[in-house]
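Each structure below appears as C-alpha cells.
After this come two complexes, each holding chain A, first together with chain B and then together with chain C.
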Partner chain A sequence: MSDIKGILIIGGGMSGLTSAIEAAEAGYKVSIVEKNPYLGGRVAQLNKYFPKLCSPNCGLEIQFKRIKNNENVTLYTLAEVVNVSGVEGSYDVTIKVNPRYVNEKCVGCDACAQACPSERPNEFNFGMDKTKAAYLPFDYAFPFRYVIDEKSCADNCKKACLDACKYNAIDFNMKQETINLKVGAIVMSTGWSLYDAAKMDNLSFGKAQNVITNMMMERLASPNGPTKGKILRPSDGKEVKNIAFVQCAGSRDENHLSHCSYICCLASLKQATYIRELYPDSKAQIFYIDIRTPGRYEQFYWKVRDDKGVTLTKGKVGKISEDPATKDVIVEVEDIAAGNKIKASFDMVVLAAGMVPSTKESTCGMNIPLTDEGFVNAPSLQKGVYAVGTLKSPVDVARSVQDATGATLKSIQSMVRR
Partner chain B sequence: MEKKYGVYVCKGCGINDAVDVERLANVATKDMKMPSCKTHDFLCGPEGVQLIKDDIAKEGVNTIIIAACSPRVKYEEFDFPGTITERVNIREFVAWSQPPKTEDTQNLASDYLMMSITKAQKVDLPQPNILEGISSTILVIGGGITGMTAALDAANAGSKVVLIEKESQLGGFVNKLYKKIPTSEFKEPLIIDTDIDKMVKQVEGHSNIKVYKSAKLEKTDGQPGLYDVTISANGASETIKIGAIVMATGWKPYDASKIDHLGYGKFKNVVTNIEFEELAKKGNGKILRPSDGKEAKRVAFIQCAGQRDPNHLPYCSSMCCVTSLKQAGYVRQNPDAVAMIFYIDIRTPGRLELYYKEAQNNPGIMLTKADVKTVSEAGNGNLYVEAENTLLGEKIKAEADLVVLATGIVPTTKESQEYQDGLTQAASKGDEAKKAYLESTPKPEFILNLSYRQGPEIPSLEGAYGFADSNFICFQYETRRTGIYAAGAVHQPMNMMEAQQDAAGAAFKAIQCLDHISKGIAVHPRAWDETFPDPLLIRCTACKRCTEECPFGAIDEDEKGIPYYKVNRCRRCGTCMGACPERIVAFKDYSVDIIGSMVKAIDVPEEGFRIVAFTCENDAYPALDTAGINRKNIDPSVRFIPLRCLGGMNLVWVADALSRGIDGVLLLGCKFGENYQCHFVKGSELAEYRLGKVGETLNRLQLESERVQMLQVSISDSDKLPGLINEFVEKVKEIGPNPFKGF
Partner chain C sequence: MAEQVISPDLNFVKDIIASGGDTLKKCFQCATCTVVCNATPNNRPFPRKEMIYAQWGLKDKLISSPDVWLCHNCNDCTKYCPRGARPGDVLSTMRQKFIQENAMPSIMGKVVTQPKMTLIALAIPLVLFLLVLGLTGHLRTPEGQIVYSKFFPIPYIEAVFMSAVGLAGIAYLASLYRFWNSMSKGNNQPYTKGIVPAFIETLIEFAKHSRFAKCGPNADRRIVHMLVFYGFVGLLITTIWVTVYYYAPKINTPIALSDPLKWVANISAASLLIGGVLLALNKMKDKGFVSKSSTFDWIFAIMILLLCITGILTELIRLAGIATLAYPIYFIHLLFVFYTIVFFPYSKLSHMGYRALAITYSKMTNRDIQI
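Coming up: the complex of A and B.
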C-alpha cells in the first residue's frame, strides 16, 4: 500500500469526519480540509440529536479520539480547496489555508481572550452573542486551540494578546498559505447552510425580534450557548413558555427551496421537547404540511405528539407579524383539518428553515454537475470524486454517516483501479 | 522491559500558581522513589518536549510520567512511541478547578501524581495478539440489491467475496419490480428499467465473487477473521473460511391479511404493492386485475397499510410513499386511467419531494389525505374505499377497480430475535419454563446460526422492532457482533437507493475489521488498542459471569464452564474484568490490580475527606475536563480515575477504598436503559447492578450505603456535573468520616 496516494476529504463535519477516519483506520492517508477553525460542522452546533436526545459531542469525542490515535490523518482548518486537476488515482489539489494567528504552541489557557479588548459577533451562536477577537470557538472545540479574528482586532491592540500569551503562541506574521497535495480520490463533504430566512418576507425574520431559526434554537437550548441553555427570547430575555414552530419555512416551496429538507420535522419535534422539559408549564404548537418522520423516527413523533403540551396543526403559515407593544409574535395560518383560520400569539416563533447545499458557495475548484436545486448530481460525477451526505440530497446524520462510510470504499476502489 | 522512569511536572497554564511544584517533585522522588523529577515552565513547548526526548535518547528513559494538562490535549507533543507514557491531569483537574496554593489543592495534585506513578509501575507495553490463518474473504448473506451491491463494492476494492442467496436466483425483490424510479433527475421518464439482470450478470461474472444460490447458512463457527461457515446448497454442505460478514437479508412484506378493514384476502382485487409490481410486470405495463383480467383504470392506493399503526407496524417503512407514486405512474401509462392515493402524510424526504411534485402535476393522479376506514365490494369486482378526515373535512366513498395496499417492511431478523428474546425470558424463570418454551414455540429460520454462547443471532435492540440496527446515530455500523455488519432493509427501513449506499458502508466496515484483526488491534470504538484481555484461567471458578455479561458475546465456555476468549470478537471494554469475582482478567495497561493500586495510592489522612470517582472516559471525563476549562470548582476531596467503561468496574475497588478509610465512592457513567449511551452496550447499567450488591460489603464494614453512588452523566453536562459531585461530597460529609481511617 506504500505507493498509494491519500484521500482528500473536503469538509470536516460528521460526513467528512466519518469518511476520513474510516479510511485512516483502514490504513489510508487522509487530508481533511475544513473551512472553520474547528471540526464537527453542523452537528457541533446541535444541542441534542433526535431521536435519542443525546449530545452530538459524545460521538464527536469518539471521532476526535480516533484522530488523536491515528497518524494517517492530516488536518487543515481555516482552509479551502481552490483548485483540483488530474484524474482518478492522481489529482493535484491546491489548498488555501487562512492564518489562525495562533500557532501550535497554544495551550488553551484563555489568557489572550481575557486580555483582548475587541469583540466580534459569535457566528457559532448565529450572532446571538459575542466573543473576543481572540477566542476559542466553543468549549468542546477540536483542535483545542484559540483563533484570532484579525479583522475584528481594534487598532493597535495586537499588543494586548501578545503580551498576555506566555507561550509565544500568537503570531500576527502568519500569512495565507498555499499547499499542494497529491491524492488518489476526493470525497466532497461540504454539507449545507441554512436557507436565509429573511428571504421569506411574510415570515418576518429579521423584522420581528422573536422570530428565530431552528439552528438558532439549537444554540439557545445548548448549555454552552448564548443563554446557557435557558431559552430566553431575544427581545427582552423573557423565558419562552408559548412557542410555535413553522415547518417548511422555505422548503417545499418553488419560490424558495423546491426540495424537502428531511430533518426539519424531526428537529422541530425535538425542539418542542427542549421547551417542554425546561418549562413544564409551557406550550408548543407545530404548524406543518406533512409530518415526515421516516423509519423508526415515527416513534419519536408519537412520543412528542402524545405530550399534552404539544399541538400539531396541519397548515402552511401565511403571515407572521410582531405585536409592537409586547414583542409577541402573531402567526396567521389556515388550519386545514378544521377548515378555519387561526390567528394566534406566541412568545417566540421558530422557523424550520431548510438546507441549502454548500455548492452554492463553492464547488471546491472543480467542475461539478449539479441538479436544478444545486445538489450534486452524483451519477454524472467523474470517477474518483465522490459527494456524500447532504450534498446530494437533504438527509439526517444517520444516512450521512452511512453514505460517508460507503464513500470511503468507493475512494479505495479508485485507488485500486489505478 | 526494564523500566527506566522519568517524571516531568509542567509549571505552565497556572499549575505553578496553584501548587508548589517543588513539593510535588519531592513526592515523586522521595515518597515514590522515582530516580528523577524534572520541572519545566512550558513542558509541551519545543524545549520541554526536547527535554523528555533527550532523556529517552541519552538516559534510556522508557516509562514517562507527565504531570501537566489533560491527556485529551497535547497528545501529539507527548507522543513517545515505544514508551509507556502516563499523563497526570493536574491542569484541568487541579489548577483550573481548585483555589490556588491551598493544602487541599497540593494534596490533590500529589495524589494524582502518586496514582499515575503507581499505574506506570504496573503497566506493561502491549504486544498485539495476532491470530494465525486470518481469512480476508467477505461473506455476504442475501443476493438482493443490497447484498449484490455490497458484494460488488467489496470485490471492486480487491476483496474476495462469497455471496449466498436463499432463492434459486439473485436479485431479490427487485426481480419482481416492473420499473424503478430514476436515481437523480426526477423528470420524464419517471419510471425506468431496473436493469437488475445486468447487475446479476456482473456479480455472477466477477472473478472475486463466488455465488451460492438456493443456499443457507447452516452454521457460523469461530470469530472474525477465522469464521468456519457451513453453507448448504442444493443438498450439499460445505465449510469455508470467512473473515467478516455483511448481513443483507432484507425484509418480508407485512402480512396484509392481518389488517382486517382493508379487505386483503377477502377481495381478489385488493393486492399488495409487491403484487401490483408483479401484475405490472406480467402485463408489461398493462395492469390486468386478478379477478377477471380486465384492465384496471381506477386504481386506489392506500398508504400506511399497517405502518405507523401500534397494532401492526409501529414505524414508517420509508419507501412506500415513493413506491405508490411510482406505481401511480404505471397506471397513468394508460392516459384514460386514474390513480387515487390515500395518505396520512406524504413522505418524500429530501429531493424525493421533486418526484412527488411530478405526481401532483399529473392530472390523472389524485392525492388525498385520508384515514381509510373500510374497503368493501362495489359489484363487478370493483371496490369502495371509504375514508374520513380528508382535507375537505368530509367523508368520501370512492369506487376503484383495483385497490393497492402500500404494505410495509418487516426485517428478516424479527422472528429469530423474538424467538431468542422469548427463550431468554423463559430461561430466566427456570429450566422447566425454558423446556416448555422450546417445546411449544415453533423455531423460526435463523440467519447467522452463530455458535456463540450468547445465542445464534445478532441480539435485539430495544425499540428497533427486530431490525438489526446500530444504537448509535454517529456510528451506523457499531454492531453488537464484531465482524458482522447489517445493511439495507434488515438494518433499517429504507429505500433502494439508501440500501445501496448502506451496502457500500457495511462492506467497507467488513474490510476494515479484517485489516484490524490482521494487525491485532481492536475495532471501533477502540480502533488503536493493541491490548486484549488475558485471564489467569488457572484461578477461574467457572462462575460464568464474564461469559454472560460480555456485551459482544466474545467469550464462550468449554464443557466444564471455563471461559475461552475469542479475542477477535472482543472490543476491549473490560466488562469481563469488572464482572470477574476472582479478579483474574487483565490487560497490559488495565487490570483490577492496576486500578486497585491507584486507589491504594491515594493518601488518606486522618482528618479530612477523600472520595474516589470511577469515571467513564468517553463522556464523564471530557465533561470534567470542560468544567475545568470553564474554571468550575469541584470539591478537592474527589479523585477521578478514568475507566474504559464502567462495565469494567470491579467491586473489589469499592471494598478496598472503603476499608482504607476513603469516605465515599462515586461512579460517573453514561445513561442506560432505552436510548442508552454506552458504547459497550451495558457498562453503566452493569456497574449500577453490581453496586446493588455492594450492600453486603458495606454491611460487613458497618458503613452507610449512601457512601456509594452512581450518576448518569452526559458529555454535555459539564455545567451541572461539578454541582452534582459537590452535592454528593456534602452528603458524605453529613454522614461523617469513614471510621476505618487510620487503620
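Coming up: the complex of A and C.
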C-alpha cells in the first residue's frame, strides 16, 4: 500500500474526526487540517445531545484518544487549505499553518495563563466571557496544549508568559508556515457557522441584552461555559426563570436563509429541558411555524411538549424589544391557534438561528459546485473529493457521523480502484 | 366546534392570482405579517388570515370582511415576509376584486375595470360630447377671447355632468350599501359605538391621514396620498364654488387669477399634479423588497395624471391665448373629467367609501387600533 497516497481531511469537527479515524484505522494515512487550535468543532461547544441528553464530551474524548494513538494521523491545527490542484488520485495541496506560539513541550500546567496580564474575548463562548491571551480553548481540548493570541499579547504580556513557563514551551519566533501535501483523495468536512442573528433587524439581537442565540444557550448551559452551567441572563446575571425560544430565526426565510436548518426545533426543545431541570419553577415557551422533529425525534418532541412548564405556541415572532427598565425582553407574535396578537415579556429570549454552510466563507481553494443555498451539490463534485454532513445539507450529529464513515469508504475506493 | 361547511370558490383564487396576487400560494402561515403590521388590530389581526382564506377560495368571508379595507398597503408585511408572498399586493388585489364585486350595476364593475376597456370607456364621453356639440352647432373654434363656455355652454356642461354625477352617485351609494350589508351581516359583531360618532371619527382621521402614519417602509405614502386627496377635495370645492358664482353673483368664467376661487383651484391642481407624479415615482422606486402594482393601479395613476395635466394645460393655453390649441385641450380634459366621475364607483378612487365604512365598522365593534 506504500504507493497509495493519503487522504486529506479538511475540518476536524465531529465529521472530520470520524472520517479520519475510520480511514486511519483501516490503514490509510490521513492529514487533518483544522482552522481552530483544537478539534471537535461545533460539537465541542454543545452542552448536551438530543434526544438522549447526554454530554458530547464522552464521545469526543473517545475520538480524541483514538486519534492520539494512531500514527497514521497527522494533525495541523490553526491551519487552512489555500489551494488544491490535480485530479483524483493525485492532488497537490497547499496549506497555511498559523503559529500557536506554544510548542509540543507544553504540559498544560496553566502557569502561562495565570501569569498572563492580558485578556481576549472568548470566541469559544461567543464572546460572553474572556480568556487570558495565553489560554486553553476549553477544559478537555485536543491537542491539550495552550495557545497564545499574539495580537492580544503585548511585550509585557509576552515576557510574563515566557517567564512563567518552566518547560520552554513558549516560542514567539514561530512564523506562519506554508506546507505542501500530496494526497489521493479529499474529504471536506468544514461544517457550518451560525447565521448572524443581528441581520434580522426586527429580532433585536445585539440591541436587547437578553436576546441570545441557541449556540450561546449551549455555552450558558454547559458546565465548562461562562456561567459554569447556571443559566444566568447577560444583563444582570439573574437566574432565567421565564424563557422564550424563537424558532426559524433566519431559517426558512428568503430574506435570510431560505432553507430549513433541521436541528433548531430539536435544539430548542432540548434547551427547554435544560432550564426546566435546572430551575423546576421555570417556564419555557417555544414560538414556531412548524415543529419539525423527523423520525424517532417525534418522541422527544412529545416528551417535552407534555411537560407542564413548556408551552408551544404556533406563530413566528415578528418583533422583539427590550423593556429599558427591567431589561426584560418583549416578544410580539400572533398566536395563530387563538387568532390574536400577543405581547409577552420574558427574562431571556433564545433565537433559534440557523446553519450557514462554511462554503460561504471558503471553498478551500477548490471549485466546488454549490446549491442555491450555498451547500455543496454533492452529485456534481469531481471524483476524489467528498463532502460530509452539514456541508451538503443541515443535519444532526448522528447523521454527520454516518455520512463521514461513508465518505471515508468512498475516498478509499477512489484511491484503490486506479 | 360545530361542524362547518365551507364552499371554496376556485375561480376567485385563480382570479386573485391572475390580477396581481400571483404570490398568494407562497404563504406558509407563519404570521410574521400580522406582527410587523402597525395597522392591524390585536384581536383577529390581518393579513395572515386573509392569506389563507384567499388560498382556500373563501370569497364570502373576505368580501364581507372589513379587514381587507383596513389594510393601507404599507407593505411592512411584504418587506418581512419570509416567503415573498407579498401580502400587501394580495390584499390590494382583493380590494380591486371587491370593488368589482360590490359594483352596481354588476356589469359595469366587470366591464369598466378591465384594463383593455379603458379606451372604450373614454370613447363613451367622446361620442356623447361630439353628438351634443355637433347637434347644437358648437363643434368649431369660437372667435375672439378664449372663453370655454362659448365652446361648451354652461347649460350643456351642467346637463351632461349633473346627470353623470347623479348616475354615478346612485350607483356608488348602492355599491357601498351592498358592502355595508354584507359586512354587518357577515360579521355580526356587537356594537359598542353608534354609527354617527364612529363615522365622524373616521372623517377626522381621514382629514389627518393619521392611519398612514403607522406605515413602516412606505411612510412616504402619507404625504403622497394627502396631496392627491386634498387635490381632489380642493377641486370639488372649486367646482361647487364656480357653480355658486355662476348663479349667485353672476360671475362668469374665466375667473380672474386674483380671485380666491382661482387660488384654491390652482393650489389644488398643483397638489394633485405633485401627488400624482410622486405616486407614480413611488410605485417605481426600489424599496429594497419586491412589491408590484397591478395594471388596475397603474391605470388609475395614469388617468389622474392625464386629468390633471390636461386641466392645467387648459388654463395655461387659455392664458397664452392660443385658441386653436386651447379648445381641443379643453375638450380632451372634459373627457377625463367625465371618465373620472362616471366610472368613479368602479375605479380605484372608490376605495375611499369602502375604507370609510370598514373603519367606521371597526370603530363601532370596538376593534380599532390606537390611532
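Basically, the second predicted complex is superposed on the first by the 416 of 418 C-alpha atoms of A that agree within 3 Å, B and C clash if a C-alpha of one lies under 4 Å from a C-alpha of the other, contacts with A are read in each partner's own complex, and residues count from 1 in each chain.
In this section, a contact is a pair of C-beta atoms (placed from the backbone, for glycine too) under 8 Å apart; a residue touches a chain by one contact, two chains touch by 3 or more.
Worth saying up front: this structure is predicted, and the values here are computed from it rather than measured.
Colleague: Check chain A with both chain B and chain C modelled on it and let me know: fit or clash.
Modeller: fit
Colleague: Based on the superposed arrangement, let me know which partner A:315 touches: chain B (first), chain C (second), both, or neither?
Modeller: In the superposition, A:315 touches chain C alone.
Colleague: Mind telling me which of the two, chain B or chain C, contacts the most residues of chain A?
Modeller: B
Colleague: For A:273 in the superposed arrangement: first (chain B), second (chain C), both or neither?
Modeller: In the superposed model, A:273 contacts neither chain B nor chain C.
Colleague: Applying the touch criterion given at the start, work out whether A:255 contacts chain B, chain C, both or neither, answering first, second, both or neither.
Modeller: second
Colleague: When the two structures are overlaid on chain A, which partner does A:27 contact: first (chain B), second (chain C), both, or neither?
Modeller: A:27 sits against chain B, while chain C stays out of touch.
Colleague: Using the superposed model, give me the angle at chain A's CA centre between the CA centres of chain B and chain C, as a multiple of 10 °.
Modeller: After superposition on chain A, the angle is 120 degrees.
Colleague: Considering only the touch criterion stated at the top, classify A:334 as touching first (chain B), second (chain C), both, or neither.
Modeller: Only chain C is touched by A:334; chain B is not.
Colleague: So in the superposed three-chain picture, is A:363 touching just chain B, just chain C, both, or none of them (first/second/both/neither)?
Modeller: Neither: A:363 stays clear of chain B and chain C.
Colleague: How far apart, in whole Å, are the nearest Cα atoms of chain B and chain C in the superposition?
Modeller: 5
Colleague: Which chain A residues are contacted by chain C in one complex and by chain B in the other?
Modeller: Residues common to the chain A contacts of chain C and of chain B are 252, 336, 339, listed in rising order.
Colleague: What residues of chain A sit close enough to touch chain C in their complex?
Modeller: Touching chain C from chain A are residues 202, 248, 252-256, 289, 315-319, 332-334, 336, 339-342.
Colleague: Under the touch definition given earlier, write down the residues of chain C that touch chain A in their complex.
Modeller: It is residues 28-36, 40-45, 48-49, 80-84, 289 of chain C that touch chain A.
Colleague: Quick check: in the complex, which residue numbers of chain B touch chain A?
Modeller: 12-14, 42, 44-46, 69, 72-75, 153-154, 156-158, 183-185, 307-308, 314-318, 345-354, 357, 369, 389, 391-393, 463-465, 467, 469, 472-477, 492-494, 498, 501-509, 511-512, 515-516, 524-525, 527-528, 618-619, 622, 626, 629-630, 670-671, 675, 677, 679, 714-720
Colleague: Once bound in the complex, which stretches of chain A touch chain B?
Modeller: Chain A reaches chain B through residues 14, 22, 25-27, 47, 49, 51-63, 65-66, 68-70, 105, 107-109, 139-140, 144, 166-168, 222-224, 228-229, 251-252, 258-262, 290-299, 302, 314, 336-339, 371, 373, 375, 377-380, 392-395, 397-399, 401-410, 412-413, 416-417.
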